[in-house]
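What follows is a set of notes on a single structure, which appears directly below.
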Amino acid sequence: MKKICVFTSGGDSPGMNAGIRAVVRYGRAKGLEVIGVFRGYDGLINGKLKDFNERSVSNIIQQGGTILKTARCAEFRTEQGVKKAAETLTKNNIEAVIAIGGDGTFKGLLALKKYWQGQIIGVPGTIDNDLYGTDYTIGFDTAVNTALEAIDKIRDTANAHERCFIVEVMGRHAGFLAIAAGIAGGVEEILVPETKTDIKAIAQRLKENEEKGKQSNIIIVAEGDDAGNAFEISEKLKKVNDIDYKISILGYIQRGGAPTANDRILASKLGAYAVDLYLAGESGVMAGETKGELCAVSLEDAVNKKKDIDKNLLNIGCFLSQ
Amino acid sequence: MKKICVFTSGGDSPGMNAGIRAVVRYGRAKGLEVIGVFRGYDGLINGKLKDFNERSVSNIIQQGGTILKTARCAEFRTEQGVKKAAETLTKNNIEAVIAIGGDGTFKGLLALKKYWQGQIIGVPGTIDNDLYGTDYTIGFDTAVNTALEAIDKIRDTANAHERCFIVEVMGRHAGFLAIAAGIAGGVEEILVPETKTDIKAIAQRLKENEEKGKQSNIIIVAEGDDAGNAFEISEKLKKVNDIDYKISILGYIQRGGAPTANDRILASKLGAYAVDLYLAGESGVMAGETKGELCAVSLEDAVNKKKDIDKNLLNIGCFLSQ
Amino acid sequence: MKKICVFTSGGDSPGMNAGIRAVVRYGRAKGLEVIGVFRGYDGLINGKLKDFNERSVSNIIQQGGTILKTARCAEFRTEQGVKKAAETLTKNNIEAVIAIGGDGTFKGLLALKKYWQGQIIGVPGTIDNDLYGTDYTIGFDTAVNTALEAIDKIRDTANAHERCFIVEVMGRHAGFLAIAAGIAGGVEEILVPETKTDIKAIAQRLKENEEKGKQSNIIIVAEGDDAGNAFEISEKLKKVNDIDYKISILGYIQRGGAPTANDRILASKLGAYAVDLYLAGESGVMAGETKGELCAVSLEDAVNKKKDIDKNLLNIGCFLSQ
Amino acid sequence: MKKICVFTSGGDSPGMNAGIRAVVRYGRAKGLEVIGVFRGYDGLINGKLKDFNERSVSNIIQQGGTILKTARCAEFRTEQGVKKAAETLTKNNIEAVIAIGGDGTFKGLLALKKYWQGQIIGVPGTIDNDLYGTDYTIGFDTAVNTALEAIDKIRDTANAHERCFIVEVMGRHAGFLAIAAGIAGGVEEILVPETKTDIKAIAQRLKENEEKGKQSNIIIVAEGDDAGNAFEISEKLKKVNDIDYKISILGYIQRGGAPTANDRILASKLGAYAVDLYLAGESGVMAGETKGELCAVSLEDAVNKKKDIDKNLLNIGCFLSQ
């Protein structure tokens, strides 16, 4: 029986367990042996492997986090570390690695490729949605809805106090989460790394909103915005319009929780598709979905090419927050 | 100033309010006067109109239901009723009607078109997702997640008691909701109107699941399945394999609740797009989104053409529920 | 080391896992060996026992259902069955049984007492809250909030359609759940087994509500109401005031889900207290909490005495639903 | 017709709207005219009053925030401000003021009492639960469950990464929220202002937890803990045991959201009871509930006396987090 392995790596994202389940069950349905690797690259290096069957992944589709654990692994950033990982795979007769994670994870796969001849397939799992070659990454939809629930709650308080709130969401390099949660939350301003933030214009609009009879203002900021984080932006705005801003940093709650339907479905599809890619002899690719169609994109492109934000949506958001 | 109106009709769906907000705010940003019509076609007939401004739709993006109300209207099914509705529009100098609803709503628009010269635009709002020409309808994503939460809860009890549950979801003619909630819920069987239900095969698999060590079994059934509703299916299965089935009919809870991020974003996009279609001189079309692109489809096609379920997804589901 | 065992029995309720965790960890902290019994009385009869330690109950406090499973057990209703269960306990040198469940479970404990000399302690776990001697049972608070979320969703649709809904909640003999969810949901009528249902008066008030400008009406019914279930009540009302009623049976979703804070805290307290009762030499009692104080009540009283509903609260509800 | 007024003041808390609804509807059912005052003491000073009827409070029981708005009011801290507020009340023939809020709100009532002869009644509405004379304040239960949901999510990530998290919850002077959310969340350490925090002992236990096989550690900290806020505690711990801590400040999300069943019921009871206290001629009291019984406590006691945390519960928590 042919043998493949699956692991998760980097920051956890909701739906990773659904992805693991899909790889295991679909792989076994296709006659493969499926090995679970614990703690990502660290587990590859140190041989933390376990033979998985259908029952190993029972009742996990609804769980956040990852039953395979995840870890940052300094040793894997060394040549020696990568070689050790390659040895583990060779020694255990593993033919393919399916890794669920974000760009750090995929860079790891590309490093591994240099020292190991097996097939290498990535599955996009990150709440940031910042991978090229797939419209959505596993975990993004859940994170957006978690941020949205928080914004809905903050709106209650913002309305009650008629105050201005700045809500910081995750996104060091990408504004996907901020844009989606911001449009859905009906917020007044959305600040993302991809667009230049104009503090004076924002301060001006916030003042005007008062005259329009708006009862509250919420600004959503991706943590990596060019104008700074929520605290810095608050200081800058205050200097212009002398309003006091309340700040909320959503932080780690965006990573956990039971995955939404979309994330479970996407993880199920991409996990199965990753196995199909293996069976088709593919390697060095990420299993993605674009415009509703499954697709394989090279790991290099997934990591290096820039996925564009939806500027049209941002634009509509400006009209709708009037 | 040019004048358009907006209403909701048919069964309510989460995100309708976000759609109303988008039509009103985007319309006014484009220099239009926007009239809200209460209670759907009944309000057209009886002139229940109200001038809406930006503040009229404050703080509704997160609310389920519809602030414009909705109703079934027997009078509008008569020629006289349609004429009265047309008169209201003419009398009030309304140039376009934007209606948010499902196929009944769109058939109403087509009827209206015969007696009124203005522009007629539909926005797909129904939890059933059964309209051709748009990948998703407003409300579908929320309904799927509501059904999913229910399934997650039922799974707790099914596991604790090691019992078999049949969960009936909405869908008189379409299985979209059952399929999405079923795949995401990791259920053992998904029964939809679009595929022939084989009671004997299901009964057989349920028995086998026991041998596999599965701790519980959940069958999801769209209410319009060819083998009957949940109670009927339970009877049929019992005759074959003599297992007792527990039944849960999710019912109306699937219609309400705060909309998910996706439904609010889709409603925002389609509401604004409907206004753009009006401005572009279009009529007799539904504002939809296919493969990530906004698109206009004729109301006739939206209503009459059959949207296919994702059989590939159903197929993956079979592998993953092993 | 002294040995006790813990099991769950009857219908599952959210918080049972938190109760198991409390018995195991608190018991072991007090120097006891703690055995988990699977599938309730069936597990006692058939010796499905497992030695539990602190890690056996890791990460379960937030899970609905019960990791120990639960089952109805026909054999335990026979003298022979009870004797077998007693033998299992004696053979394994178990000194005390801690059972989490409702009145059926406690009756089982009383039966066991006749054939076994060990200590017998009950912990109230049922969503019905119908046990005398404790203000709240484990699972009640979660079930109320689950029913409440459903009512909030139904209210959206009821408002949108300006219709009258009848929502049936669990409660074959007790109206605690209906009353709490009804008051919290702001429903118009609350029908429970403990009070006589006056169909004519209700029909009359529903008509009056229309004149008052109420946009919707929701009637909550405990399944065991004297006037019948939701369908029967709907028929009776319709005969009087000729309104069409929409019906929603909440069913099994009320049993599952992550427990609320209150249920987890109550389960933690009562689980630990049950161990303390064992250590104090008590037997034949239920660990309860009344007016904020832990208390032990005889199992006979817990089962046989009638816990009163809060008629004052029902009364306030009448004023507040105007 | 006799006239009373109701307002909310200080930080908003979930359930305030349910409290307003109860005062208005119960008051009117008892034959009173009920005036809503907007923006707390600011509205009293500036005469922002509105006559409320049953329909004014329709469909608000499920909403977070407060439809009457709330604000901090600097002017009311001056003698002149208080006199203006008193004049507004006298001029409008208002016989009683019912104020929903926390200790700042009640101190305001006591100030008002010096310059106005009417009846003054407080209703406890704060997520901190730090008012003497009532077991629970309106909003506390919701805030606990909001914090708990956040902890459940963070637990997913903590488990996946096998890391130690510090979660800071609200509570400048009181640990009620931290204790309840901490016990329910099954956290490893609970740090509150009422007990001395021993950094060395905690650092030691965290190290031991690793050896026990615990997969994650969560420390919950009330913002006013004697050892500092989450960041300061993280620094102190790190100096002792050289572990990296992840930090999450829950912040304002704890204030908003749809209230839980308990908060809606408590608000309904206390709102109605406040009206009853007025009708009974009481003044200078807070409407509270202790050990399941409604009770009136003097506003001085409510504000000045210290409500004790449940040290027994904290103690059980230590055993259960093993």
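Letters A, B, C and D mark the chains as written, and numbering starts fresh at 1 in each.
Basically, contacts are C-beta pairs under 8 Å (C-beta built on N, C-alpha and C of every residue); 3 or more make two chains touch, one makes a residue touch a chain.
These numbers come from a predicted model, not from an experiment.
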{"item": "For subunit A paired with subunit D, centre-to-centre distance based on mean C-alpha positions, whole Å", "value": "35"}
{"item": "Geometric centre distance via CA averages, subunit B-subunit A, whole Å", "value": "28"}
{"item": "Where subunit B and subunit D are represented by their mean Cα positions, the distance between them in whole Å", "value": "39"}
{"item": "Where subunit D touches two or more other chains at once, by residue number", "value": "152, 155, 159"}
{"item": "Arrangement of touching chains [line / ring / star / complete / other]", "value": "ring"}
{"item": "Pairs of chains in contact (touch as defined earlier), listed by label", "value": "A-B, A-D, B-C, C-D"}
{"item": "Subunit A to subunit D touching residues, read off their complex", "value": "8, 11-12, 14, 16, 39, 63-66, 69-71, 146, 150, 152-157, 159-162, 165, 246-253, 255-257"}
{"item": "Residue numbers on subunit A that touch subunit B, as the complex places them", "value": "21-22, 25-26, 28-29, 54-55, 58-59, 61-62, 135, 141, 144-145, 148, 152, 155, 159, 180-181, 183-186, 212-215, 258, 260-262, 264-265, 268-269, 272, 291-293, 313, 316-317, 319-322"}
